[in-house]
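By letter and in written order, the chains are A, B, C and D; residue numbering begins at 1 in each of them.
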Amino acid sequence: MSDPLLTIRDLSIDIETPTVAAKVIDHANVQVHLGETVGIVGESGCGKTTLLKAILGILPKTAVCRSGEILFEGRSLLDLWGTEESRRIRSCDIGFIPQDPYLSLNPAFTVGRQLNESLLELTGQGAYAELLRMLRAVQLPDPEGVLERYPHQFSGGQRQRLLIAAALARRPKLLIADEPTTALDVTTQSEILEVMRELANETGVAMLFVSHDLGVIRSICDRVTVMYAGQSVETAPADALVNAPKHPYTRMLLNCHPGRSHGFKGIPGQVASPLDPPPGCRFSPRCPIAIAECSRRRPQPLHPSPSQEVSCPRYEIDLETAADA
Amino acid sequence: MRRIMQIISTLAIVCYIGLAGSLTATHAAERPLVWAESLPPTLDPHARFDVPIQTIMVNVYDALYRYTGNPPKLVPWLAESHTTSDDGLTWEFRIKPGLKFHDGSDMTAADVVYSFQRLLKMGKGPSSVFRGVLLPENVKAVDDRTVRFKLEAPYAPFLSTMPLVSIVNPRQIEKHVKDGDFGEAWLSANDAGSGPYKVNPETYQQRVRLDLVRFKDHFMGWDHNSKPMENVSLRPVQDPSTRVLALLRGEIDATGAYLPTDQVERIDKSKNANVSRDETMRIFLFRMNNKKPPFDNVHVRRCLSHAFDYDGFNKIVLKGFVERNPGPIPNGLWGIPEDIKGYTYDLEKAKAECDKARAQGADLDREFEIHTLAELEQTVQAAQLFQSALTKLGLKVRIVPGTWPVLSAAAAKPDTAPELWVFWISTYFVDPENWIGQMYDTSFHGTWKASAFYDNPEVDKLLRAARRETDQSKRAELYKQAYRIIYKDAADIWIYNTIQLRGLSNRVKGYQFTPVGSGSDFRSISLKD
Amino acid sequence: MATFLFGERWPCFSRLRDVTVLPDLGYGSMVRYIAVRLLSLIPSLFGLILLTFIMLHAVPADPVTSLAGENASPEQVAELRARFGLDKPLVEQFGIYVWQILQGDLGNSIFSNRPVLEEILARLPATLELITFALVLAAFVGITLGTIAAVRHNGPIDNIVRAVTISGLAIATFWVAIILQMVFSMELNWLPLRGRFDVAYPAPPLITGFLLIDSLLALDLTAFGIAAQHLAMPMITLAIPAIATIARFTRSGVLETMQKEFVDYASAVGYRRNRLIWIYVLKNSLSVVIMQLGLLFGALIGGAVAIEAIFDWPGIGSYAVNAILNFDYKAVLGVTIIIGIIYGIVNIIVDIIHAFVDPRLREGI
Amino acid sequence: MLIKDFLSRNSAGMIGAVLVVLACLVGISGPWIVPDPDAAFQTDIVNRLRPPSMEAWMGTDHLGRDVFSRIILGTRGALGVAFIVVAASMILGVTVGTIAGYEGGVLSAILMRITDVFLAVPQLILALALAQLLKPSYLTVVVALSLTYWPFFARTAYAETKRIASGLFVEALFSIGASRRRILCYHVLPNIAPAIIVRATIGIGFVILTAAVLSFLGMGAPPPTPDWGVAVAESRQFLPEAWWFALFPGIAIYLVVLGFNLLGDALRDFVDPRIRRSS
């Protein structure tokens, strides 16, 4: 595997509020290689969106990077926060697909005007032709007509297709999707996923796919990183993760999935709050196999195999045995 | 940041244009004379009877006779000469030859007849002077230069009322008569006269703007003025303070005729304007309603006459720009008894008179009202001064600001007339009739001038005799007797005779003042270069 | 063709800045909409005429007496009253009056005996020019201040702008007018003191009645300069409360829009910060501001009365005051009706502009 | 401690509250705290138009009266008129607005049409006409301003009532048989009260300003009543020499109106959670 296109190593980000600093991301690690689709999965409030905003460089001024770095094609994005270069990268090299298509389009302007605005950096007729090609690629009829109309004249699914086309029209090197299907009904969801999968293969663009739904992740991602309360607890190829989860949280997460056969077990306790995160491993208070050591020192990432990483020294221990003790 | 740059650049452009404009404006064509006299709502000389219309009558129209100089003298104008029959009922006037109207047509006696008949038939302001004296059918043209008037009753001041009737051009008016309005709607914004200046109807805007253009072949000629004004722009400025500031800044060349006295020092101090002071004939008085208790009691009226601080008001508030005027005839006019000096400001005497009145049962505890003309500051100042003096005498007084239409309408009937109000009586024609005659003769009750409702049969007899008597010395004797009686009865509180104050810019030359028209006669004016 | 003329020019991808022209509206539906709104104006106008008529006739003063002259006899006065129809019973007078209005005749002014409509229309452009440019200035400055304040939320600039806007609403405009006069025309001698145009310079030919526009149409830069100078101070004084109101509404509008999702998406896909705020965020928050412009237009007509008196501006404000002072019934009624009509039309225009700004409303038309 | 919390967190509101309380105190205790009351009325022509000095802190006016005492006495007039006008227009406006908002249908249309009629005519010209018809006095100013200001309350009350009346709990009340009057008085009114109070506070400032313009045009309180608008109007002739005569009344108007505006704004932020959350 060549060097990764995007490397997030040991990244910690706090967001200062007037009273206390929220430690939203705590030593997270994620890599995305060229042509690869990497998924990030975790419950809501585990810092997924903050991580994306960190990559894109659109975090509010109150966000402070405590440690680690974000490298994109070898260049550190952290130093570029708030600069014109960061904006250029967002406009040309990284495509972004938002979560809620209904709210992400500006109601007072035509779709054409908005898509044009986000592609202003690209010169010449190339981008316009590319956009039309993309609009056809996402199966939107009459592309020229589409650009004349206003957002409220489209269904949710159509709007998401528009946004996907917009993201890909700039021929980005990396495509970031923030739960693109969550706001859609199930049938539209699978259509959109199908479209994204096709376009990803066709254009060979690297994709960072964020979701809280394991099923969606499994169907589209090559590798997956699981996040809990701002920490990247496990990374593994999609199938390996689903069939042989190692980190206790991943295993319990999979048990929660309604699709699993033997019964449905929720995870006791609440998600750790970034305002006063538990010390060490943030999953320890809810981890059935946690020991005193877990909450004293932050677990170091281990690599059972070159393509796997897990941040829990006790990942071999079986959950049931500990549960009975 | 780019946005803010845009804003600054647009503002810069606007300022640049502004400055460019101002630079060129100053070199614009030689500035015409700008006269800030207030404009009458209509230019029709037969429709209005107040000070603003006189500016139009003096400059745009001519009359058989005209007042010139100060003190005013009646001089023949359109008329060459006049004769009066022995019984004083038939008057004949002969007009000069070669008189021209603005449209070039010749003026004949028939036009004079038409003008008098139009004025009388319209029945508006000026016609009231001829009520019961002259009927339209009694004005006839004997030949094309002689007009004969047959009066209903002998009327001594008839000659002095001639300047009130402007001669209009029937040929221009008849074309525009609309459903019997005597062409008033058209004439209100146009000119059918023969005077030294013509109206420019295109730029005329009611109450806002009037431009006058010199009428080169005016019958009196222009040799009296080497550099006459080709254009005169009348631009009334509504607000008194703004008007004075505009004069100081040179935006206007003359203020109106009612310059507030407080502004005089300020204009005198300035380097580009001055104040012309001319004694005129305009009495400022407190009018008491003699029919409404307690003012029907002579002692109450005398008490109040002693309670006004004449010198404090004339000398300090008005800075000595006025003369004390003891009685109902303005100083400088004939018919005034020499021995009367006027009521003095003496609270002891006032108290004594009030006690006498109380003894006779007059109710002095009731609060009475002084009505002022809100927009004319001086009336308010006088009322406030009077109020503070009367409260010292234990009399309760309330000041009620009013406006001219409201008060003049209420003054028609004794019960609605205000019990005490303050105003001026200006010069419409120079004859004691204009003041004492029309103020205290019971036959004039119902008009605001006679709203004192003074009723003294002996005074009526004297005034009516004086009105008929043709010999001025005999008339003077009659007016003097009436004057003494009215003075003893303290019918009103006469305060001062106005000195006309008008601000003028230093470049104005040849300003000649006469009480009628208060100096707005552009014929004689020229500009210093 | 219609799209090109009225429609939004489809953005070309060259660097050329694209311009948003008024978006296309179904022509038929717009005319129908205006007709309906105009019809709904009639009842409130009728109410307006009734209200003013009653108020004016409830007063003892009678202008005819002073018109008839000093010693006019009661008979003369009565005859004049008859000629003006003031002796008929009130209801009949009102009936005649409404019938005349329907024929576009607002009656004659009692003093100048000229049609009131003519006099008002002669003075109307002066007031409309003053108010329109005051509103343009207020919109320009108010929106800029409001947006800057919202963007630098709770920062020093935000507090300054808020202090300025609150003070703007608290200052008495006639007091400011006096001070401006003293400083700028008497002391510094930069601006003329009064009036609408300079006496010495020929006024531009009358086309729209707006001196600034007429002078531009006549390509007479000096005239434009003179008119601009005379307009400066009255416009600024009148604009102060309007700037304050517009800034406050823009600020809260922009603040609210900044919370919206599409702003995050826009910055995520690389919109330029300035363009995002000044075009995309602003257009969304303008609907509230435009409503205010409609209300302000009515308020400024009233506000202009004092300003016109001080700056000697020949508008309907001073005409109305004169008419009221002299109880010129027809003139007062005429002014009230004309202002009522203008107010109605302005509200319709505001709603149409509002539809342009917010496309979702367009379906409603 | 609602008030403490509200004031401490909102400094602008604090300044406003202080100004308003100060103005009310001066208004109430005017005649007693003025150094010497009759200096405000006694014409003393000898020392007219004196600059500010030890005896006359703000100089004297054109009739020699003390400007400072006239401003203090003027406060009572200005505030008095404002409170009465706002109270009167609140009562009339809120009744019309609530009924129109709650009833709906033809009645509501008629009521709101009448409100539009009053709004169509600019407030000042209607007030001028009324002030001129009735003899100029405080009563005239109050009647003129109330008749022209109540529509603003009507509109606010109408909008708020419509919003609340559509709320479910009103239907619930109706279904359990509460009479319309009870619903309006005990349920709708308390809910729209905050918006009305905010409108009233800002309204007072607005009315003071409009009354000042009326006095400036000579249609306000009759002389010799001390009045700020009249003072500025009278002072114009003596500018720029007698600058104090015009300056101090203008500042007095500005401070009092500013006080009410600040207080009104703070109340609105405090009352309307949506805006509070975003600031």
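In this text, contacts are C-beta pairs under 8 Å (C-beta built on N, C-alpha and C of every residue); 3 or more make two chains touch, one makes a residue touch a chain.
None of these values were measured; they are calculated from a predicted model.
S.K.: For the pairs B-C and B-D, output the one whose chains share more C-beta pairs in contact.
M.R.: When B-D is set beside B-C, the one with more contacts is B-C.
S.K.: Which integer distance in Å separates the CA centroid of chain B from that of chain C?
M.R.: 39
S.K.: Taking each chain's centre as its mean C-alpha position, how far apart are chain A and chain D in Å?
M.R.: Distance between chain centres, rounded to whole Å: 57 Å.
S.K.: Using mean C-alpha positions as chain centres, tell me how far chain B is from chain D in Å, no decimals.
M.R.: Inter-chain centre distance comes to 43 Å.
S.K.: What whole-Å value do you get for the distance between chain A and chain B if each is reduced to the mean of its CA atoms?
M.R.: Roughly 91 Å, centre to centre.
S.K.: Hey, what residues on chain B touch two or more of the other chains?
M.R.: Within chain B, the residues that touch at least two other chains are 239, 375, 403.
S.K.: Of all residues in chain A, which are in touch with two or more distinct other chains?
M.R.: Within chain A, no residue contacts more than one other chain.
S.K.: Which chain C residues reach two or more other chains?
M.R.: Only 186, 309, 325 qualify.
S.K.: Every pair of chains that touch: which are they?
M.R.: A-C, B-C, B-D, C-D
S.K.: State the interface residues of chain C toward chain B in the complex, per the touch definition above.
M.R.: 60-63, 65-74, 76-77, 79-80, 108-109, 111-115, 119, 122-123, 140, 144, 181, 185-186, 189-190, 192-195, 198-201, 203, 221-229, 232, 274, 278, 309-312, 314, 318-319, 322, 325-327
S.K.: Could you list, by residue number, the parts of chain B that touch chain D in their complex?
M.R.: So the residues of chain B in touch with chain D come to 239-241, 244, 260, 262-263, 266, 312, 316-317, 372, 374-375, 377, 380-381, 383-385, 387-388, 398-403.
S.K.: Which residues of chain B touch chain C in their complex?
M.R.: It comes out as residues 1-4, 7, 14, 17-22, 24-25, 28-32, 34, 41-42, 44, 47, 49, 123-129, 131, 181, 184-185, 188-189, 203, 205-209, 233, 235, 237-239, 242, 245-246, 248-249, 251, 375, 403-406, 408-410, 412, 416, 428, 438, 444, 446-450.
S.K.: Residues of chain C touching chain A in their complex?
M.R.: 3, 7-8, 10-15, 18, 20, 23, 260-262, 264-273, 275, 280, 283-284, 357-360
S.K.: Which of the residues in chain D end up touching chain B in this complex?
M.R.: 41-43, 45-46, 62-63, 132, 135-136, 218-219, 222-224, 234, 236-239, 241
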